[in-house]
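Have a look at this one before I ask anything.
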Amino acid sequence: MPSDDTNAAALSVRGLRKVYPTPAGDVEAVRDLTFDVAAGQLVCIVGPSGAGKTTLLKCIAGLMPPTSGTVELGGAPVTGPPKAMAVVFQEYGRSLFPWKSVRDNVELPLKVNGVPKAERQRRVDDALAAVGLDHVPQSFPWQLSGGMQQRVAIARAVAYQPKVLLMDEPFAAVDAQTRADLEDLIRTIWKDLGITVLFVTHDIDESVYLGERVIILSNSPTVVQEDLTIDLPAERDQLGTRSSARFAELRAHVYEQIQRAKQGSRP
Amino acid sequence: SGAADSGGSTGTAGATGGAGGGTTDITVGVLPVPDTAAMYLGVDQGFFKDEGLNVTLQPTTGGAAAVPGVVSGEYDFAFGNYLSGMVAVDQGLPLQYVTNATAATKTDGFQAVVVPKDSDIKSPKDLTGKRVSVNNLSNINDTTIRGVVDADGGDSSKIEFVEVAFPDAQAAILNKQVDAGTVNPWVKSMESDFRVITYNFTDFTPDLDIAGFFTNTKTVSENPDLVKKFQTAMNKSLEFAQANPDKVRAIILTYTKLTKETVDELDLPVFRTEVNKDSLKTLADAAVKYGTIKKVPDWSTFLW
Amino acid sequence: MNAQEQGRRRGRSAAKPRSAATGRALDAGLGVLGVVLFLLVWELVPRIGLVDARFLPPVSQVLGKFFTLLVTPRFWTSVGETMTAWALGLLISVVAAIVLGLVIGLSPFLRRATRTTIEFLRPIPSVALIPVAVLLFGARIESTLLLIVYASFWQVLLQVLYGVADVDPVAEDTARSYRFSWLQRVRHVVWPTMLPYLLTGIRLASAVGLILAITGELIIGAPGLGYEIALNQQGGQLDEMYALILATGLIGVIINIAVRAVERRALAWHPSVRGEAAV
Amino acid sequence: MSADSPTTTVRELRATRGGGWRRVLTDTGYFIGLPIIILVIWSVVSAVSPSFYFPGPIQIGTTFVETWFGERFFVDFLPSVGRLLLGLVLTIILGVVLGVIIGSVRWLRALTEPLFEFFRAVPPPVLVPVLMLLIGINDGMRIVVIISGAIWPVLLNTVEGVRAVDPVLRETARTYRITGFARYVHLVLPAASPQIMAGIRQCLSIALILMVISEMFGASSGLGFTIVLFQRSFAIAQMWSGIFLLGFIGIALSLLFELAERRVLGWYLGQRKANRAQ
Amino acid sequence: MPSDDTNAAALSVRGLRKVYPTPAGDVEAVRDLTFDVAAGQLVCIVGPSGAGKTTLLKCIAGLMPPTSGTVELGGAPVTGPPKAMAVVFQEYGRSLFPWKSVRDNVELPLKVNGVPKAERQRRVDDALAAVGLDHVPQSFPWQLSGGMQQRVAIARAVAYQPKVLLMDEPFAAVDAQTRADLEDLIRTIWKDLGITVLFVTHDIDESVYLGERVIILSNSPTVVQEDLTIDLPAERDQLGTRSSARFAELRAHVYEQIQRAKQGSRP
């Protein structure tokens, strides 16, 4: 399902501000975020814990209204969950339906969105195979280890074939080897389907390895600390890319920026 | 049977040997209904004090609760209809009636089986095949009603008896849940809605004794003195009540929730001291016939 | 209940924060409106003759009676009698259930050995014991007590057993690795884990206990509100009967509010209470 | 992508089953051990010092057979159980449907909350006289008594369960555009089912209590009535046999319930166990 | 509380086997593990998910008996939780007592082990400061983010001043920067107190950076795949050490071994 307007700004965030009202007073999670993502781009977002990454993603997904500012997707303002968008939530464990098997979890969104049975099955099989879970389709989520659960959530998003994919620390629970495999999977899907991907992580290496761009967020209340273009070659591989000199430079740069962000420096 | 064991020593709180002028504390289980007016009145008038009895009246909801109370020794005496007593004795419980409490009225109904004004039930035999409410099944009301119906030429085995408490009976009849119902007290003001089919006590046998006070056989054998005193005081109370209907009406108002209008209309039961043994024999025979009890009680130990 | 209720609590804590005070005021307003609507219906139904007013007096009459009742000492004596039986029964069953629950719950052997017996005794409805109570105690407070204790004991016992079984094995291992003694483990690990279950059990038990207190009085004739209701019903004083029913309902509400308040205090750390603070 | 190491579940299935017979024996021992001990003690005590109110187990056992395997089975037992089951089914349907509606509509919830709190607190027995007046003395009244007392745990738990659907799940459903009816089928009802089942479990015992109570007023047949009648006529062994019969009904209900629960909540029980282990 | 027998084998695991009996049959988690740890050594344990790392740690901690084989600590066989040993559990969230504040959680083990009040307070304060949590002592665990909770568990172990410290993936939930800080903290404590540390992780870089030795476990049923000595200088720092050539070599070696372990190769 390659996007047909590859050059337009698929996503445009303008002056986004989000304040959580709580009994104890207001919490300003995000102060002022402005950035654009072109259609078909893969952007990583890093930032200290509590910076507002999840908050930002939820606003983009139309799950909650911003306090002020706008989010536009393909030119239209986001008011509710848009079509053809999939989200992999940070709380992966809680985002799976515990009363459905792995297979049914992946299949459900396709079913209620009217995908015909034959195609549905094919897509589900492919997605499960891609994340290495084709051997446990009848298990329930709670019978799996944390890493496996996270992969189910990823498979669900992949099978959905969205135009925009939002992922919130999707690899936090998987071991190093699997993580590397999944990183490559995301890049493959992204290139094959031409989708737009927003990828939140707190692994600096990962953000550099994956992204075309890395957006570094400041400490809360959050603004964009830096918007960094990753000028690594498009073809990347785990050993070669990660040991390249440019990778080390970019990595060091991001590291330094985050450290500054944590110490409270603002752009 | 071991029933007496569980009671332990008789529950008479005060010294049983209150032989001299000292008073004895006794507890009497009563129902808060007009039938027990004589007891309340007697206490009020001090007849029990005169005998050296300091009475605590303990209201209960039914004879069924009073019997265990007496057996266990919690109550020294309790009010209960004679058929309830026969049932208990039939099961081997050690009870003995010591005085009368109420008898059916000679003339009019204190208690009646009634139907709606427009019912096609005209006489007791028409109750055959109908639903009739009584306050307690397998007790004095269904037994006497059966007797009346059979005597009238009906077939009492075809009556379907339903338990409905007296206060709910009117509503049950009016709402057609039963075809006929036993009401108590039956008062004139109900005549606008209901028609009486039978005054089931008087129609069953004239001068039927309905209820009395009973005690544990153990009390009778171990403490005849106390029983004697109680009987004396109770007889005085009954006579006084029979002679002073106004005082009876006044005292009823104090311990029931009946309204003044109802009580004024009330057809008071007869308060009589001597037991009409024949009526009880008739009742017992009918109870055996209808299977309420297995055998007629031994009168020498049933009545004092 | 039990663990499932725990689940609910966790869920609730994660629910969206309310839009503050205005929302709450609106809710309260709607609640009052609901009550008013109900009273209106009650007033109208007998007035327009849908139900015979002899059997269901209009609410104004019942409320009037209710307020006159409030100044009669007899009413308060009845309330006192009912509440005494309730409180005593609850106390007995809670203490017994905690002791037995801890002893049984902490021993796998006892847990398995008592299972069938508990499963048999628990579902016997305590009202079925009314005849036994009557035979044993007559129309005394002990009768009601027997019913209350029997009914509420199982509620608390089951909750305590659930609670003891719910102790997190990781927390248990933590305590052991830091060499807590047996008593220290009960005090610092088992008891706090069990507490929310226990309080749920007490809340359920207090509701059931009240039901049984009133039922016992109503059917057996032990002194108290239930007995007064029976008396009024027999005397045909329906307005007073309804007023008393109203009173029993209100007592139930008050008890529930009180137990919940205790729960909130005792479980400030617990997800059900921590409310919006949780992330 | 490397294959995962086989999961525990797979390996568990492959593994050998050890000590089958001994397991069955110990299980049986645990199952009937204590009941047998109690019965024996009870028999001995009642043989040594017979009590009018507490007949021995053998006497109650024979009375049980005499009393309940006969006409009473059809006249008292079946109608009572029929009313109980019908009442339960109606209670559950009504409770869940109302609960889902009220739980989903905020203003409705606010409107009904205080009223429900009140009605739940009214002891159901006091409603019996009222319902007798309003409905009459018939099976309908008895079933309404059961419903009116037993519905609260189901209703209130459903409301809470519907409200407490995990927000992450709710958002997941929203982003995948699972809305409308599908949302109830796939999200709301399953998510609330642990709580609904908890409510139903509570409602079982209340319904049984109310079945008995409803038959203590204005009835001429039924278990509740019969037991009281036995007591009033001092047929003690029969009375106990009736009480035990109620106990058996209670057990049967809770077994049925557990069967249903295992079907409906298989996922939930498994999940809880999985969280517990390790 | 420096150990007084620094040269003896503090910990000796011989032929350890652990079989979990389950209703469905037996699960052999650990088949045959034999290794020694000298007093005062810092050993990292890596291995595929489900290899039995947690199982091993629990047997060492005396929390469950091995099916066969022995664990000896300071020459005496372990039969129950030994004195002066602290464990940081993998399920950090569940190992904190939710009904106690952060401070009380850290203090409780000291209290029940009879440490005098004044000293207790000092130790708790120091430990909280060391993990950067001195600003939230009165909070409850559930008011903290996952990373903070994990640090409370670490603080509790540190305040306990054990002779032997077992840690099961203790940094899984903290962000990169904090993780680096905590790694250095562990090395500092280890050197200052001279304690024996067993550190389970699935971050390969971390195992190489931290340990004097890395024990690589095979796939389940588990044996020791390789016992690798880390010959990096004792003074390590995040930037220098990690960019050294020897580090990269060791890292690659461990990586390769784990990959082989996952593919089922056994020594």
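As written, the chain order gives the labels A, B, C, D and E, with residue 1 at the start of each chain.
The working rule: contacts are C-beta pairs under 8 Å (C-beta built on N, C-alpha and C of every residue); 3 or more make two chains touch, one makes a residue touch a chain.
None of the values given here were measured: they were computed from a predicted structure.
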item	value
Shared chain contacts [chain D and chain E, defined touch]	A, C
Taking each chain's C-alpha mean as its centre, the one farthest from chain E	B
By number of C-beta contact pairs, the top two chains	C-D
Euclidean distance of C-alpha centroids - chain A vs chain B, Å	85
Averaged-CA centre spacing for the pair chain D and chain A, given as whole angstrom	46
Between chain B and chain C, centroid-to-centroid distance (C-alpha), Å	39
Set of chain B residues in contact with two or more other chains	62, 64, 165, 168, 171
Numbers and ranges of chain A residues touching at least 2 other chains	145, 177
Per-residue overlap in chain C, given as positions that touch at least 2 other chains	52, 55, 134-136, 219, 233, 277
Of all residues in chain E, those that touch chain A in their complex	48-50, 145, 147, 172-173, 175-178, 202-204, 243, 248, 255, 258-259, 262
Interfacial residue positions of chain C with respect to chain B in the complex	52, 54-55, 134-140, 219-221, 227, 230-237, 240
Touching residues on chain D, where the partner in the complex is chain A	1-4, 7, 9, 166, 168-169, 171-172, 174-179, 182, 186-187, 190-191, 193, 267-268, 270-271, 274-275
Residues of chain D touching chain B in the complex	49-53, 129, 132-133, 136-138, 217-220, 225, 229, 231-236
Residues of chain D touching chain C in the complex	30-35, 38, 53, 107, 110-115, 117-127, 129-130, 133-134, 157, 160-161, 163-167, 194-195, 197-198, 201-202, 204-205, 208-209, 212-213, 216, 224, 227-228, 230-231, 236, 239, 242-244, 246-247, 249-251, 253-254, 268, 272, 276-278
